[in-house]
Amino acid sequence: MTKVFSGRKGEVEALRTVDLDIRRGEFVSVVGPSGCGKSTLLMLLSGLLGRSAGEITIDGTSITGPNSDLGIVFQQDVLLEWRSALDNVLLQAEIRKSDMGEARTRARELLRMVSLQDFEDAYPRELSGGMRQRVSICRSLLHQPPLLLMDEPFGALDAMTRDQLQIDLLKLCAARDMTVFFITHSISEAIFLSDRVVVMTPRPGRIERVMDIDLPRPRRLALREDPKFIGYVRELTEIFKSLGVFKEE
Amino acid sequence: MTKVFSGRKGEVEALRTVDLDIRRGEFVSVVGPSGCGKSTLLMLLSGLLGRSAGEITIDGTSITGPNSDLGIVFQQDVLLEWRSALDNVLLQAEIRKSDMGEARTRARELLRMVSLQDFEDAYPRELSGGMRQRVSICRSLLHQPPLLLMDEPFGALDAMTRDQLQIDLLKLCAARDMTVFFITHSISEAIFLSDRVVVMTPRPGRIERVMDIDLPRPRRLALREDPKFIGYVRELTEIFKSLGVFKEE
Amino acid sequence: EDLQDVRLRLAWIAGGVDAPVFMAAEKGYFADAGLDVEIVDGNGSTGTIQAIGSGDFDIGIAGMGALAQAQQAAGASDIISVAGLLQKDPTSIISLEGSGIAEPKDLEGKRLGTDAGNLEDGMIRAFAEANGVDFDKIEVIIINGGADRVALLKGDVDFINGWANPDGDKVAAQRPIEEPMLFADYGVNLIGSSVIVKKDWLAENGDAVKGFLVALQKAKADVAADPEAARDIFMEHRPDADPEGILQEIKVMQKYEHTAASEGKPYGWVAPSDVELTISLLEKYSGMKPGLTPDDIYSDAYLPVLTQ
Amino acid sequence: MASVPDTTYIARRPSLKQLAERIPPAVWTLIALLLFWELMVRWREIPQYILPAPSVILAEIISYWHRLWPNALVTMGEILFGFACAVCIAVPLAVSVVYSQFMARAVFPIIVMSQTIPKVAIAPLLLSWFGYGITPKIVIVIMLSFFPIVINTVMGLRATTPEMLHLARSMGANGWQIFWKFRLPKALPFVFGGLKLATALSVIGAIVAEFIGADKGLGYLILIAGANFDIARQFASIILISLMGMSFFGLLTWLERVAIPWRESVELSGKG
Amino acid sequence: MASVPDTTYIARRPSLKQLAERIPPAVWTLIALLLFWELMVRWREIPQYILPAPSVILAEIISYWHRLWPNALVTMGEILFGFACAVCIAVPLAVSVVYSQFMARAVFPIIVMSQTIPKVAIAPLLLSWFGYGITPKIVIVIMLSFFPIVINTVMGLRATTPEMLHLARSMGANGWQIFWKFRLPKALPFVFGGLKLATALSVIGAIVAEFIGADKGLGYLILIAGANFDIARQFASIILISLMGMSFFGLLTWLERVAIPWRESVELSGKG
């Protein structure tokens, strides 16, 4: 039983001939220079954007419309300004018509997980950038989706909160056999979390390299001092550098 | 001749008794957990928000209104949706009634510096998250302000672009004797760039520690492998860890 | 040259009734009297009385009944009428042929479509009372802005109260009507259009007013002598009017110029008894405060006595 | 010091100023205007049949209250019922214009066109279609007031960002849910703008309708007062109508504040 | 395949369909409506004095064109000039309401109140204040049409986010610049909503003004045609007015698209 995704796109500006398989339960990260089409790729996978050519299939079925059996964290936290933090998280449940009592309990748990238990009733405008991002992470996790698409979800978080959430996310994935497609700018974050890391080239985006990360699970923070981990970081950094023209002078 | 800032705020939720001096030409970074009040502090320094108590002075003059002799990069890129990338950068010049021909040349240069030369005419909605952030960085630099306030300016950028822009920023600072107040979540970025790093505590925000970074300038990327640099990183990480309750299980 | 500028405001949109005014202007009778008259259409007696009172216009044409009410209800006692142009009220009962309305008594049990203003002036009640009709047995439907004629034609109402000419004629052009019952023929007559001026202006411009009335009398004779020519002159001034309608109106309106009491008297001269009747009807049926005398609203001092 | 509010001031001078401050400033303006009006009328000796003094109008309002009030109630009924119907028609219409190209391009322009038809001119048609009772009044109120609600609701429903729609679709929201949970809340501030415009128009609509044909209501009173040359009574009715209109507008402003609590601070910061 | 547009279709069937597609769909609806109207009148034998058939009206328009057209020009002049004045008054007023608490709380409610005054009822006053020429017409057009512009512009100027204002202040923008470079562009889509509403109202305003007292213009024609019981002529004038109103609305829709190029894609994606 394998879950197969394959995206292909040939637009002038964004992605060019992207071909990628993601297996069920796998954690795949994408790194690549700003503007290379990572967010576009994520939108294509979610079925929210139509591709210009090619096909995207899940379990052999072509995606033509939005796939709703997933959770998404968008790059810009899209919080509804008329809902409190808790209500923004609960939106998922309302729309999927889940048991609201249960959902509420779970939403509170998730907000506690991201240390926002004191801000359940705050409107988005009363939250800091990182807090808003955390709310939108909670929202994507509420319904325990089998597939999670995350676009730089930890970008606005401090190192500690980020570490904490990385650990929490890995635990959730393991518990629920979640498949995750994760966009990040942090090479070490990508390596720490993933089974495979996809490196994309600058515009128009193509897949330069897919790197298998052969590190044991469950992963602990200490892993980052592991020489193997550091080796991966160095390797990825080198690939990265070879892609761009870097001028220090 | 010293430039003195001192912020003090006693609101219930945000900052509590913050006291900080920044010297002219200094590069000061702030790190701290999400929601601790970094952005608020920046807004107070800029004079855009009124404080609840205390005083903020520049060169002994109390700030009561917005100070316009500075450049700001806000946490959320605030691009005007009705202006192209170039026009968004030029906004500064228009408002300061600078020589527009000169400003245009300089804006083009800045956009090239951040690799957006091909996107001068794109509207904000046509840009990726990182691209938008880069446009707002260019905007803050156009008029070569003596004081630069930056709120996580490189948060949405990939490692390479980020490295590049760090180097570029340092060069600009050295050339123009700029004072920079820089908010970041990356400890190594803070150390790499700064003369001093301010560590803030979780809400309500206080200054936990101000750390002098005694590393030679000009700084090169290679500095990051310097043992002294790594020492600073470790020290800051420890301070950081001691502040929060970190639960790996 | 050194003609005196005079602003004249009509009672309504210019119609056949106003033919003498245009005739006087065209033939130079106003100029002969040293006047340069600007003729402006009105939108009802109320507006004209206000326009005279505010000094925006010098001479106006408005119902004498309206002037009486303006004096009693709103203190317009600084305005007076100096000539009656339409002394017999053309208001009548109009019904379609076969409606079974041949005499006042037939109105009982029927539906009346009426303009709110027309109802409120009380004359329909006066007409009913004077002719032994129980007004409570009439179903009143208020329809303003000329829509009552459509309602009559459509059969939504059985009769309307409106001017026998030209309104009755216009209904008749669509479907035949019963002979209109003129209120005036049934003992209920309010003096209609009259020439009004402000008293203080009159005191200073008595000669101008006299001259104006002379010109009007001369023009009136011309209109009567050659209605077609009067119509052509009218059309020059008001090209959007309906030429047939205007001609018919010019001809038919002549029969409303005088009442029995003023018959044979010069154009514009009003019989005191008619003024008294107007006042007493308004007091009785329109809730007008009592106390008005004929001298308050009408003076014949400026009317030149010409023999026709 | 700029950020410290002037609570101190209020605290210092307690009762009298506080009382005065509780009265909305508009009332003061109104009083000033009335005073100016009164003085002008007296000083320039403007006759009553052209412009009665406020004191005369007030006396008329008081002495004629027994007739003014029941007629005002009739008009108010027409306004409120017509307004409610207008909302019920306008919002679905706006939705259909936003959702359907056909409505937007084939039907909407016709509706726009119909807006410019002077209602008074087609009175005979309206009366003959809708009878002579309350129906044509309601119809006219609707016809006059639904348009701004449509226009502003369309504007509001189109204000939803592509990002929000992406979020909605990614959650598998159906059209219904997208509408209720995303588009409508986003549109609310716009809708209220339209509603506020519609209040004034619904008042005008009721009066115009009563001008066309009525046997009660303030429009009717204006008409017959005009016929009787009772200008003071006309103005008494007009003043009452305006007060009703302003109260209605105020009610909606209040409702808006209640319905859109998350906007409050934005509006406050709107100053400057 | 959904994202591939139907350019292929258009390419396949060239001339006839292309031509048909160039005609706005609203025209088709209008034609359908007129056809229905014509058939209803003929079939139900509705007499001309209640509702003339479109063919009769068209004949009247053609035969009376020599008078309709000059009068239409007069009315159009009043509409355009009044509308322009309304914009010139409404926008500064909206600005003052947004910038000044005094205007917002002390003056604005009075303006709202004035909106509900039936213009026809105070016609004698207006005529006496503004004379009997073109001025009162312009004034009435202004009075009717400026309000939606004010309301929507206020709404638009308040739509500026605190973030944008922070940006502006940090750049040292003065009030003037904040207005021109931040608030106004942000408000533009709202302002256009108000302008579109105002078009319909300005047309109504001109007609109402001509009802009150005029010796030319389409409103005047309607009035005398009504007095003459010439219903076909009345409808001919009404149709002409509506066409003028719709053209004006169309013009503004086009202007909006030209003035707000950055919104285009948002509006397109508004569907769904």
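Chains: A, B, C, D and E, in written order; residue numbering restarts at 1 for each.
What we mean here is this: a residue touches a chain if its C-beta (ideal position, glycine included) is under 8 Å from a C-beta of that chain, and two chains touch if they have at least 3 such contacts.
The chain lineup, named per UniProt: A, B = ABC transporter ATP-binding protein; D, E = ABC transporter permease.
A quick note: this is a predicted structure, and the numbers were derived from the prediction, not measured.
Moving only between chains that touch, what is the shortest number of steps from subunit C to subunit E (ABC transporter permease)?
The fewest steps needed to get from subunit C to subunit E (ABC transporter permease) is 1.
B-E versus C-D: which interface comes out with more C-beta contact pairs?
Spelling it out, more C-beta pairs touch across C-D than across the other pair.
Which chain's mean C-alpha position is the greatest distance from subunit A's?
Between subunit A and every other chain, the largest centroid distance is to C.
Subunit C to subunit D (ABC transporter permease): how many Å between their CA centres?
40
Hey, how far is the Cα centre of subunit A from the one of subunit B, in Å?
Subunit A and subunit B have C-alpha centres separated by 26 Å.
From the mean C-alpha coordinate of subunit A to that of subunit D (ABC transporter permease), what's the distance rounded to whole Å?
49
What parts of subunit B, by residue number, touch at least two of the other chains?
65, 76
Which positions in subunit C touch two or more other chains at once?
Correct list: 46, 50, 54, 145-146, 150, 154.
Which residue numbers or ranges of subunit D (ABC transporter permease) touch two or more of the other chains?
Subunit D (ABC transporter permease), residues with two or more chain partners: 50, 120, 124, 128, 161, 211, 226, 266.
Can you check the complex and tell me which residues of subunit A touch subunit D (ABC transporter permease)?
Spelled out, the residues of subunit A in touch with subunit D (ABC transporter permease) are 43, 46, 48, 66-70, 72, 74, 76, 78, 80-82, 91-92, 94-96, 123, 125.
With touch defined as at the start, can you tell me which subunit D (ABC transporter permease) residues reach subunit E (ABC transporter permease) in the complex?
Against subunit E (ABC transporter permease), subunit D (ABC transporter permease) makes touches at 24-26, 28-30, 33, 50-51, 98-99, 101-102, 105-110, 112-118, 120-122, 124-125, 128, 147-148, 151-152, 155, 157-158, 160-162, 165, 178, 189-190, 193, 196-197, 199-200, 203-204, 207-208, 211, 219, 222, 226, 234, 238, 241-246, 249-250, 266-267, 269-272.
Enumerate the contact residues on subunit C facing subunit D (ABC transporter permease) in the complex.
Residues in contact with subunit D (ABC transporter permease): 46, 49-50, 53-54, 66, 69-70, 73-76, 78, 116-121, 140-147, 150-151, 154, 156, 286-287.
For the complex, which residues does subunit A have touching subunit B?
31-35, 39, 75-76, 127-131, 134, 152, 155-164, 167, 185-187, 220-221, 237, 240-241, 243-244, 246-248
Give every residue of subunit C touching subunit E (ABC transporter permease) within the complex, in rising order.
Residues 13, 15, 40-43, 46-47, 50-51, 54, 56, 145-146, 149-150, 153-154, 170-171, 173-174, 238-242, 245.
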